[in-house]
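After this come two complexes, each holding subunit A, first together with subunit B and then together with subunit C.
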Partner chain A sequence: MTEHLDGNALAGPLSEIFAVDVTSATGRCVSCGLAGPVASLRVYGPDPGLVARCPGCEEVVLRLVRGPGTAWLDLRGTVSLRVNLPE
Partner chain B sequence: MSIISRGFRGKRRDDSGRVPPGQYLVDDFPVLSAGPTPRVPLDRWEFAIDTEAEQTHRWSWEEFMALPAETPTVDIHCVTKWSKLDTTWEGVSLDVLFEDVETAAEYALVHSYGGYTTNLPLEDLLDGKAWIVHRFDGEELAPQHGGPARLIVPHLYFWKSAKWVRGIRLLNEDWPGFWETAGYHNYGDPWREQRYEGD
Partner chain C sequence: MRRLTWRPAELVAAAAETASARTLRFRVPGWPGHLAGQHVDVRLTAEDGYTAQRSYSMAAPADGDLVELTVETVTDGEVSPYLVEELRVGDQVELRGPVGGWFVWRPESTAPVLLVGGGSGIVPLMSMIRARRQAGSRAPFRLLYSLRDPDRRYYADELRRPDPGLDVTYLYTRSAPEHVSRPARRIMLDDLAEGGWPASFEPDCYVCGPTGFVEAAADLLLALGHAPERIRTERFGPTGG
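Up next is the complex of A and B:
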């Protein structure tokens, strides 16, 4: 049994907050330094919240909780997000 | 979970006054996870209470199993809105585990195998309000429900009832846990619908 979804499960919930598709951005894990597309994260949830873990070390890279009228996004496990934008 | 309990509806118990606002009743036992399910071999399992004075009280599985057990029957309420009545558990009251613990701390941070944490006032763990349990519904507690042992604190939303519990750190200052730092309420009283920060 696969316990988790892949990072594409974040596309809809994150598109409520960001104007760009964050799942194609490259994120770097605080814990182990692994860099890769957000879509490659291992996603647990959706309830009580989405928890995206690094495929290298399983530490939490991103968390997203959606309440009525409010979302909480925690990126403390992310060093940076590299987003490609049109010139 | 089990096919038998899912389909079985005998005499409906009197549910009046037992379901907090905004909750609905379930007969199955939904599994919510925030990470991979830890597998903890019993010979490596331990439970520890660390005080604010850096005193550590430790129990191996064998020592834990030798403590006097209780079999609480309690109602549980998940913040995702399901409630389950008359759940039956077996385990050790936190009052027993705290018997020889000297502390003046007001806060507890519960931590688990796998890295999960949750915080609550120490008084919410004492006086018959919380247990470390290792059996559910007459059987060994399954890993997806927090086995080998989990905390249950039935009077708060069930995210406070940490699965795969490993220890409790006593603190002079409150230290918000995993969900409490991501939008969920710091205390989580189901009867006051304290689901999110600010409720």
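Up next is the complex of A and C:
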């Protein structure tokens, strides 16, 4: 089954790690350079972990695995994240 | 804002929305409030300690420590059948939220809004409609609600009542009521051209539903000239549940 969800599904899991909403941040893909909101990524999972792929080139942008007492966040496919911060 | 934790939530009211969907109202002590379109994670814990969690959109804007969800049963799902068929008033679950800052509508926004919902994708859009009414907003809203047949309608009575500045169009995909001239079919360009806003009005577009529906509707909006940055999407997967 490869029906994907999208990056909105990352909001809860990432809220365990970050104090800001990362899904509205703008990420840039290492592979193709496409920039867009994390919410627009294609997300597969939830087991064994969440895998978020670029909607442009399908490369892995972000992976998140939650274990007992630990979260592993792999951002190897992300050049940068531009996070909007309220002043 | 700080890192979110799980909070106990007690079911205080519930009502059937359709044969397979139920609206659940929880009291969540210390709830910080939320924006229309945000969702929550719901966690169930079995007696043996096994846990399962799913994400659900909230159906109504913030109202003190009350949180309202509408949940559609997913056949063989781990969480939704329990929420729709088993959970009783007075029972407790755990909620984490609000989460999501992308698929949201803020009452201070005055831009025209086009809501395009497929099936249970109506839920976060209904939260926006209710938030608009609650805030006395004059932002003009149009809702295109795609669904299989009339028995699948959520919020039927409420959407039938006049709500100045809100236009509602139903798009039936399998069987339409007799008085409806549009044949039952999937969403098409004409539907968005007639029931939506011209791209030149620069509406904020919110599209929510199953993946295939969202991608079809978003592509049609792009074809009509809407700017990609004005189209916000949220996909509900058939997986999980």
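What we mean here is this: the second predicted complex is superposed on the first by the 85 of 87 C-alpha atoms of A that agree within 3 Å, B and C clash if a C-alpha of one lies under 4 Å from a C-alpha of the other, contacts with A are read in each partner's own complex, and residues count from 1 in each chain.
As a convention for this text, contacts are C-beta pairs under 8 Å (C-beta built on N, C-alpha and C of every residue); 3 or more make two chains touch, one makes a residue touch a chain.
Everything numeric here is computed off the predicted structure, so don't read it as measured data.
Asker: In the superposed model on subunit A, is it clash or fit for subunit B and subunit C?
Answerer: Overlaying the two structures gives subunit B and subunit C room side by side.
Asker: For A:G12, is the partner it touches subunit B (first), subunit C (second), both, or none of the two (neither)?
Answerer: second
Asker: After the superposition on A, what does A:V51 contact: first (subunit B), second (subunit C), both or neither?
Answerer: In the superposition, A:V51 touches subunit B alone.
Asker: Considering only touches as defined above, state whether A:L75 meets subunit B (first), subunit C (second), both or neither.
Answerer: After superposition on chain A, A:L75 lies in contact with neither partner.
Asker: With both complexes overlaid on chain A, does A:R63 touch subunit B (first), subunit C (second), both or neither?
Answerer: Touch status of A:R63: first partner only.
Asker: When the shared chain A is used to line up the two structures, what angle, as a multiple of 10 degrees, is there at the CA centre of subunit A toward subunit B and subunit C?
Answerer: 110
Asker: Return first, second, both or neither, reflecting whether A:V30 touches subunit B, subunit C, both chains, or no partner chain.
Answerer: A:V30 contacts neither subunit B nor subunit C.
Asker: If we overlay the two complexes on their shared chain A, which of subunit B and subunit C does A:V20 touch? Say first, second, both or neither.
Answerer: After superposing on A, A:V20 lies in contact with subunit C but is clear of subunit B.
Asker: Using the touch definition from the top, say if A:V83 reaches subunit B (first), subunit C (second), both or neither.
Answerer: neither
Asker: Working from the superposed arrangement, determine the closest approach of subunit B to subunit C, counting only CA atoms, in whole Å.
Answerer: Taking the overlay as described at the top, subunit B lies 10 Å from subunit C at its nearest C-alpha.
Asker: Across the two complexes, find the residues of subunit A that touch subunit B and also touch subunit C.
Answerer: After superposing on chain A, subunit A residues 3-4 contact both subunit B and subunit C.
Asker: Over in the complex, which subunit B residues touch subunit A? Could you list them?
Answerer: Of all residues in subunit B, those touching subunit A are 32-37, 79-80, 115, 159, 179, 181-184, 195-197.
Asker: What part of subunit C is in contact with subunit A in the complex they form?
Answerer: For this pair, the touching residues of subunit C are 1-4, 39-41, 53, 55, 96-97, 99-103, 211, 232-240.
Asker: Could you pull out which subunit A residues touch subunit C in their complex?
Answerer: Subunit A residues touching subunit C: 1, 3-9, 11-12, 15-21, 23-24, 37-40, 46.
Asker: Quick check: in the complex, which residue numbers of subunit A touch subunit B?
Answerer: 3-4, 44-45, 47-49, 51, 53, 58-60, 63, 65, 67-68, 70-72, 74
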